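Consider the two complexes below, in which chain A is the common component and chain B and chain C are the respective partners.
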Partner chain A sequence: MTQTLDIERELCGHAAVGEAAVTVDGDRVVAFVVPAGGGLSLRELRAELGTEPDEFVVLTALPLAEDGQPDWAELSRSRKDLTRRRMPYTAPRTDTERYLAALWEDLIGVEDIGADDDFFTLGGHSLLAVRIRMRLQRDHGVTVAPEALFENSVLSEQAAVVDRTREA
Partner chain B sequence: MSQRTKWLLRDPSPEAEARLFCLPYSGVGASVFRRWPSHIGPLEVCPLQLPGRENRIGQPAYGDFPAFAADAADALADHLDRPYAVFGHCMGSILAHALVTELRSRDVRQPERLFVSSSRVPHWPPDRRYRMPAPGAVGVYHPSMTEEQLADEVSRVSRTVGGTDLHPDLLPLALRVLRSDLEMCFGYAPALAPTGCPISTIGWSDDADVPPAEMGVWQECGPVTHHVLPGDKLTFLEAPAELQEVVEKDFRG
Partner chain C sequence: MTRTLDDIDLTDRVLHSTEDLSEFWRDLRHTKPVHWHQPADGGTGFWVLTAYEHISAVYRDTKHFTSERGNVMDALRAGGDSAAKRMLSLTDGRRHTDVRSILMKTFSKRGVEQVGERIRGITRGLVEQALERGTCDFAMDVAAPIPLMAICDLLGVPEEDRWRIFDLTSSMVASETPEHTQKDAWRNKNEVLFYFANMAEGRRVEPRDDIVSLLTGAQISGSGLTEDEIIFNCYSLILGGGETTRMSIGGAVVALVQHPDQWRALKNGDVSVDSAVEEVLRWTTPSMHMARTAVADVEIGGSSIRAGDIVTLWNVSANRDEKAFELPDAFNLARSPNKHVTLGGGSHFCLGAHLARLEINSVLTSLRDLVSEIEPVGEPRRIYSNFLGGVCHVPVALR
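This part shows the complex of A and B:
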């Protein structure tokens, strides 16, 4: 319990975090966080925390119960919803898949993105897809048509498009 | 794992008590509902993805409502196994109505309710249903607008909603599907079709496009509960608490 409070206190004090609520579910410490406004890189956040939760769930707002405390039932539902949006986990296998997984993670605030996950299903949208395109240009010198990124919204397919474009 | 239907952004939960199938306005995809919660009361929020946008961008967009309704009804068949309602905003209301009337002609579980937001009735002739945007209106499109006017308006919506200009890479894609949607809307002149289920109309107090009072006409399609909520044409994107209350309360009846 003190552990969750410590993590919560540290998260709430972090400049990139607007609100946070931390709980234990089974043997997992789960942190629900609302970004302060700008982007929130969970990877960078983890690197700066003294004690890390097992799992992050990024939300646009923290649901509150009538007593003003976090609505844990609603939070648990949000976590379940996120789990349901994921495909059974297949670790990214190639450099391109790993690069894209890390990029998606920063853009949509979901950790452990697998090769079979879908960008739009996990909460991505067109403007974020354009950022994928710009980062690919910057980091890899590869220019992928926006349509190709949209349509190939599963990580492994998107990586294949990037690799094919690079070779072409 | 079975092949996911691309009609739904995510697989509906087998545990959901009820489902709310949500239809977006013209020119955009299912991700416009990304700020909505995963549930509203007993209803699991299930945004529909139409062809021609986002992860279905490679598929041609529909040119007419009946074709949309028939295919959407097929795609949803497996998910109509529990109580459900259909929500649409603007063009999404017309899509939602077309879907509901298609479902009515089929031997499937019928919707509990149709929610329509910021839309005139489908059976008004198109030139009465759609008006040129009033000065100051954001997010209102009309087929008579030039590409430049549409581009300006799409960018304005993008600034309003996302805080930034639409990226130049996206503009041609956005305009392509928007133009197609506008033509589809303007070519649609159906006869009055009752929904067979109650309707909740949601007007927005500062909607410069559809005055809330004009939504009263939906009562010609079925029994209506009328609501006027504070906000403008795009307020629904944030799923404000008032909207969620209306949806939950009216669904529970």
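This part shows the complex of A and C:
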């Protein structure tokens, strides 16, 4: 238990984290975090933590129970919901797929994005799609049409669109 | 045909533009002013408030209601707005006050007067052009460019990009055809957000005298606004500033054509333009509804609203409530008092109220000073939406 408290304390003190609640489920330490407002890269967060949880769940708000403590039942539901929306993990295969997987992980706040994961199913929305377009423009010099991202929401499809646009 | 509670679906975007619902609203106000509505699609149900008294109370009740999950029916029923807490209208409490006071510099009465001369000049020019041509589509030729030019001047959007932005935004909340694809809406919203994301990046490096620079440079207790807040607020200003006012201006001309006595009263100077602006706002009510989510159980008009429930506030009904307005179905430019809810109320009261009034005022003033007769030369066309109501085409002859 002191381990979860330590992680929680460290998370709450981190500039990029607004709120955090940490718990143990079976043999896994799960950290629920609400970003402070700007971007929150779980990769960077891991690199800066003394003790890391096994799993992160990023939320827009921390649900509270009547007594003002975190609502653990609701948190567990959010976590299950997220797991349900994931596809079985297929490692990204090309450079573009690996680039996009890392980008999605940072933007959506979900770890271990695979080639079969779906942008919308994982909670991707317009502004995140805008971020993807901005980064592709900056890092790869390609301007992808928004409808192409809408129609190709699976990571491997999206990577194919980026490759095709770059070649065109 | 009078519609009844059972066969109407308020989420239907075609319904509001093809049917006159005034009987239906009156019925609801009298029989069930706080009504639970279960739409035909089987999705999330919601409360429908139609009485002026209840609606203006909910606008002011920040203890029981929040805007932070969304403020229109569709977004709330879809599970919440993706811009929640990152756009002024979808932020409550301290953060709302802080962000609002940054923007208030530009949108105060004095702030908007800075573009007053320019807007009045543009309006005069557009009405003169319409007079020269003889006939025009008042909604497209006059009503559309005025708010577009005004908000783009303020935001710092260059002339050459403005009509592209107009095309993208005008099809976003409403459409001119009953068929409206989700993909088109998503694509257009994305393009507009992308546009402002790029613009904000530019202004960070090279600030100018415009709202985008104001937002990129703003500080709240030592830290800047987040990238999301900047982009979503620009988006909300271009949408909120353009579409609604366009509906009011187009609707004003339709109303003046239908009420020749009121046109004469305006023309002869029997009513002040200021008072006419308020009646135009009440009569046209472009934001047909707004919505909130209850955060605590509360009773309204004998009905128990539970925490978590979606509550929709039908401004179109409140503005015709016989308990709040004398002869509410009369278009009366001299109406006083005229405390309509067209611009909302309470802490989220329309930020662009002074600008909207200035724009409508410039149109009524130019019509009064330059035009002697307005004649319809075709049927006005309404837009399709369950949120924004009004006309997108108004063919008239001006003399």
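The rule is short, and it goes like this: the second predicted complex is superposed on the first by the 168 of 168 C-alpha atoms of A that agree within 3 Å, B and C clash if a C-alpha of one lies under 4 Å from a C-alpha of the other, contacts with A are read in each partner's own complex, and residues count from 1 in each chain.
Everything below uses one rule, namely that a contact is a pair of C-beta atoms (placed from the backbone, for glycine too) under 8 Å apart; a residue touches a chain by one contact, two chains touch by 3 or more.
All figures in this text were calculated on a predicted structure; none of them were measured in a lab.
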item	value
Room on chain A for both chain B and chain C (clash or fit)	clash
Per-residue touch tally on chain A - higher for chain B or for chain C	B
Contacts of A:L127 with chain B and chain C, given as first, second, both or neither	both
Chain B versus chain C as contact partner of A:G37, first or second or both or neither	second
Touched partner set for A:T94, first chain B, second chain C, both or neither	neither
Contacts of A:F150 with chain B and chain C, given as first, second, both or neither	both
First (chain B), second (chain C), both or neither touched by A:T4	neither
Partner chain in contact with A:T60 - chain B first, chain C second, else both or neither	both
Touching partner for A:D118 - first (chain B), second (chain C), both, neither	first
Touched partner set for A:S76, first chain B, second chain C, both or neither	neither
Contacts of A:T165 with chain B and chain C, given as first, second, both or neither	neither
Part of chain C, among the options 78-86, 96-104, 114-122 or 258-266, whose backbone runs into chain B after overlay	78-86
Doubly contacted residues of chain A, that is, touched by chain B and again by chain C	60, 125-127, 130, 133, 146-147, 150-151
Complex interface listing, chain B residues touching chain A	1, 4, 9-11, 13, 29-31, 34-35, 37-39, 49, 54-58, 158, 162, 164, 166-167, 169-170, 173-174
Touch list for chain A against partner chain B, complex	60, 63, 74, 77-78, 80-81, 84-85, 87-88, 118-121, 123-127, 130, 133, 146-147, 150-151, 153
Residues on chain C engaged by chain A in the complex (per definition of touch)	82-85, 183, 186-187, 189-191, 193-194, 197-198, 201, 226-229, 231-232
Touch list for chain A against partner chain C, complex	37-39, 60, 125-127, 129-131, 133-134, 145-147, 149-151
